[in-house]
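Across the two complexes that follow, chain A remains constant while its partner is chain B and subsequently chain C.
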Partner chain A sequence: MSKLRLSRSDRVVLAVMVGVPTLVQAVLVWIPTLLSIGLSFTRWNGLAVSDIEPAGLSNYRFAVEDYPPFWPAVAHNVIWLAFLALIATPLGVALAVVLDQNIRGSRIYQSIFFTPVMLSLVLVGIIWQLVYARDDGLLNNVLGTAGTPGAVDWFGDPDVNLWAALVATAWRHAGYIMVLYLAGLKGLDPTLREAAAIDGANGRQTLFRVVFPAMKQINVLVVVITFIEALRAFDIAYVINRGTNGLELLSILVIQNLVGEGQVIGVGSALAVLLLVVSLVPIVIYLVRTFRRAS
Partner chain B sequence: MTQSRRTVLKGAAALGAIPILAACTGGDPASSSDGKATSLGSGLADAVPKSGIQAMVDGFQTSSGDTVRLNVMPRDQLVNNISTYLQANPEDVITWFAGYRMRFYADKGLLAPIDDVWEKIGANFGTGLAAASSHEGKKYLVPNYNYPWVVFYRKSVFQQHGYQVPKTFDALVALCAQMKKDGLSPIAFGGKDGWPAMGTFDYLNMRTNGYQFHVDLCAHKESWDSPKVKAVFDNWKALLPYQDTAALGQSWQQAAKNLANKKSGLYVIGTFLLQEITDKSVVDDLDFFPFPEIAVEGTEAVEAPIDGFVMSKRAEKNKAAKDFLAYLGTPAAQDAYAAKDPSNLQTAAGANTSSFSPIQKKAAELIAASKNVSQFFDRDALPAMASNVMIPALQGFVKDGTIDTRGLEAQAKTLYASA
Partner chain C sequence: MRRPRYGTHLFLLFMAALWLAPLLWTLYTALRPKAVTDKYGYWSLRGPLNLDNFSTAWTQGQLPTYFVNSIYITVPAVLLTLALAAMMAFAVSRFTWKFNITLLILFTAGNMLPPQVLAAPLFEMFKHTPLPYSLSTSGSLLDTYYAVIAVEVAFQLGFCTFVLSNYMKTLPVELTEAALVDGAGVWRQFRQIILPLTRPALAALGTLQVIWLYNDFFWPLLFLQTGDRLPITTGVNALQGQFIQNYNLIAAGATITVIPALIVYLALQRHFVAGLTLGANKG
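Entry: the complex of A and B
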């Protein structure tokens, strides 16, 4: 690589372009992260800095041993991940493959499937409330059980509400994956398909033997996004009942313990650090792959 | 390229240091203390209460000639950020609550004591209200209004079935059993948001163990892992089969419909129920009774949360802020508020009660006749205990009738140690 000479103005531009995002990252992400890690080993009421007391591992012990919602939350995140990976993501990919066939009205379908991704949290909450409400909701009325003792309490029954929330999540997630995947498919070199057709491959063979392998980059991205979405699952459960009664999730426990009146900074930080450690696994795998390829 | 990259990184590091240093300098200087201007931070953002606060501000500005800058923010924003708000740049006077929620911040020195204000307005308030406004012998709160938690029912339903108002817990359970036979869902209940169940818990606790135990338990001077707490849940188990089984899926507002349309016979809730049920024919048919007695103290304790005003530490020397607080504690000011928001009860003696509805009159008499006034679990206890521990625990209990008092005690130990 030949040595590059940069003029003074180049350097200034570079400094601004690299410096500003780095700064924003440092101030908004890295410094708070390091502070959280530090605070997770302390007891603090969030008021004066002098009130901070060292607490060793007691916050972690509390989270794992004494805090009843912790293990249900872990289990729910795992179920969330399995559901997204096995159902919602494949559904999004399938939608993309189908819509890539230039069927009539493809754009309309794309818009319809993508709409949930663009809706605000509040709207999503209202929409699903209309569907799932016990006595005047759409679902129970269609099932004919509304108003009877046999009506399923979609939000209130802790054996059911996780699945109700997962269906609502899949509704958004599939649209998101669809758009990503569709963009990848559109960018695929058409000669690949032509070559496959000339070699006598049928549609299914083309899809599984030619298109999917060629989409490797997007596939990895989709897997990583699915992981991250499962770990940061938050909004729909929070809108339904603030993540209690069968809808506990790690991210919600973090928020509950760190923000608002229920603030217990040490415990909340410990929960956040645990979530961070878990989240780092897929992110590191992704970054290692990306950088290895780049170099 | 390597060389210039290092230079760039240096530049980035230098840039990075600036805001961190800037963040270390303090906020702006204290608010004006010329004695003619003050400010009010209000968490009453809904249209009706907001207009009530505006009426109070207008009344003070007219009578004193001082100016009040009003900052209205959503209630949750005020409540959830109160620590940072009080430490940063708060208004002089702030809408707030009695109970632990007040004492905690008073104890941390973030609120200013207002004993000199109370010298002027003390005569307007009874001993219960004065005690609820105090922390370690100093006053910190000017009460504005309160509202009791009671058991609501519809008079026509009671007439139709010939029910009697139950005086004891056993009579209440018997009444519920009868209602169930008559095809009613005996007690309306909405526990989706968690906190409404605390009302039932507080009453069962106070009726089983007394008011002082409630206060000590909320302050964690009593253990959760005790026979007394277990007794509360044992009593609740007698009532649980009669509470709406759909409780965990519906809000208190949705549960209110069941009382309004006569599906349910009873509803344990605050008188703010009347903000939700507004149909005149239903309102006229509503009545209530105090939560029946169980073991101790009869029905002499009432759960009646007080909303009022506190003063931030930095406004301590502002005369206008103190004049404003003194005005807020007068019957005239509280009448100005109540004229806009009639769902609550003014706390100042001598306030105009002629416009009270029959429910309000009865509620005021109930509070006046009570020996002890509790503030609701989430106001009397450590907020983290209420929201992070009690809500899931009570929802679990409502779900299957089990409660882990040892787990409650273990969590309480950690949380109260952090406060």
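Entry: the complex of A and C
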């Protein structure tokens, strides 16, 4: 860090280098976040700014007590998180651990598992629509139910479409986690494993007692990413059926209240604030861990 | 370790088949003419394969327009993000001043928010910002590329600043201090010493950002209303409505949409994976 005195012109240059990005960030991220909080306590139709009326906590009360899709959306977000945390993320970690052992064809496997990561969630939704279609889809044809009355409409049936969407999401998420974790494993000090082997630890003991604890930093990152992805879930449910009929999610309810007919900005903002408050948990955990170590 | 690994290989082969099945099914569906699938069904190996669906989807699905729109958004957004992030990262990592860590924390946090949290105020801000009709057919910032680009830049800025500042911190302090003693100003230190050394991180982030912005669905969906202004990822969603029940055309459209991301990924695979893991390894 430079402690030498800076000239006047250098100070101006530095001020611009900091000022422009900070201004962009402030106007388009921080101020809108604060405005969301403000708007959640008002009633507004989005027309003239002078129409904004204070509304106290009524938007929150309405969302929690009288808005039918609210609790289903909360439940779906919780299921989303549980599915990613208990199935998709562990699967990605498992793939990374297996592929880290210099297996023949490891690179080809890595490419295969990684391919969905570069697809947009819109494409993931479209591709899985082709797999899940009732009579013409891959899955029901493999199961032998296509064309029979027993065929499941995987994306259409509100009892199963959440799970169908989660499988499609996991297809992409696991590959993402695999790449992150594999990079962490490759960066691990090899002497750790050698020491464990000399001490007589078997493969399982080395993995659980030596490797995983040494990967603390990546573990935190993976947990945070899993949490945030679950809260951000939007695209795939929107592509399937605009987040209705079994696929309600908080993020989608926010948007349904903001645009289109029946625009209720106050309620949409109240939902956005609830989403914000929950999101702050993993964000703060991550920031505290990251920046405490740095300082 | 020389123990047999049949179990491991079986697991990997099974998973790989599971992973490839949706992709191969899509490709196969796209290659079969509609008439053939109508006759034999989708679950069948009979009938010829050809590229007709690709040319039909390309012309009827407005794909060329969507692709050009994606370029209009992605190229300026990625360049601006990297330029602003590099400047900010330089200032927070090479100099100590009162709020540098606080600002870096706020930048990083901003990137992690769900975008829907900011949607209403941004939408209303843009709706209430008048623009001359020569610049915007809506008379406001809504339905313009400026709005989409600005928000994409702001939203990606935090992550890029975080990654680049970690990278710049690893460059020896002596480099810029020697330059300072030699009378090089702050801008020259940035432009001629730090920036060239940051090239690997910029390449990695640039590749990652191109794919991310190309894949972004939400911001264009929120801000753009005119159908022929949509970028490909938001536009391709319309294909499902346009080619109802014609899975062959939908599959062909989806396959075409994957190709640019696939090319970028294959050409710059090393950078892309490095970009994904840059933020993870240091930090």
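Observations on the model:
What we mean here is this: the second predicted complex is superposed on the first by the 267 of 295 C-alpha atoms of A that agree within 3 Å, B and C clash if a C-alpha of one lies under 4 Å from a C-alpha of the other, contacts with A are read in each partner's own complex, and residues count from 1 in each chain.
Assume contacts are C-beta pairs under 8 Å (C-beta built on N, C-alpha and C of every residue); 3 or more make two chains touch, one makes a residue touch a chain.
Just so you know, these numbers come straight off a predicted model, no measurement behind them.
When both complexes are overlaid on chain A, the residue A:Y67 reaches chain B alone and has no touch with chain C. In the superposed pair of complexes, A:L6 makes contact with chain B and with chain C alike. Of the two partner chains placed by superposition, chain B and chain C are both touched by A:L14. When the two structures are aligned on the shared chain, A:P54 is found in touch with neither chain B nor chain C.
Looking at the shared chain after the overlay, A:V267 reaches chain B, while chain C stays out of its contact range. Once chain A of one complex is fitted onto chain A of the other, the partner contacts of A:V254 are limited to chain C, with no touch recorded for chain B. When the two structures are aligned on the shared chain, A:W154 is found in touch with chain B, with no touch to chain C.
In the superposition on chain A, the chain among chain B and chain C reaching more residues of chain A is C. Within the superposed three-chain model, A:D235 lies in touch with chain C and out of touch with chain B [touch as defined at top].
With both structures placed on the common chain, the touch criterion links A:W128 to chain C but leaves chain B unconnected.
Taken together, the two complexes place residues 1, 3-4, 6, 14, 18, 20, 22, 27, 31, 46, 259, 265 of chain A in contact with chain B and also with chain C. Residues 1, 4, 7-9, 11-12, 15-16, 19-20, 76, 79-83, 87, 108, 110, 192-194, 246-250, 383-384, 386-388, 391-393, 395-396, 399, 404, 407, 410-411, 414-415, 417-419 of chain B are the ones touching chain A in the complex. Here chain A touches chain B in the complex through residues 1, 3-4, 6, 11, 14-15, 18-20, 22-23, 26-27, 31, 43-48, 58, 62, 66-69, 134, 153-158, 161, 241-242, 244-245, 248, 256-257, 259-267, going by the rule given at the top. Chain contact summary for the complex, chain A toward chain C: residues 1-4, 6-7, 9-10, 13-14, 17-18, 20-22, 24-25, 27-33, 35-36, 39, 46, 49, 95, 98-99, 101, 103, 105, 109, 112-123, 126-131, 133, 136-138, 141, 146, 171, 175-176, 179-180, 183-184, 187, 203, 217-218, 221, 224, 228, 231-232, 234-235, 238-239, 250-251, 254-255, 258-259, 265, 268-269, 272-273, 275-276, 279, 282-283, 286-287, 290-291, 294-295.
Within the complex formed with chain A, the residues of chain C that make contact are 1, 5, 8-9, 11-12, 15-16, 19-23, 25-26, 29, 37, 41-43, 84-85, 87-88, 90-92, 94-96, 101, 103-110, 112-125, 127-128, 150-151, 153-155, 157-158, 161, 173, 176-177, 180-181, 185-187, 190, 211, 214-218, 221-222, 233-234, 236-237, 239-240, 247, 250-251, 254, 257-258, 261-262, 265, 272-273, 276-277, 280-281, 283.
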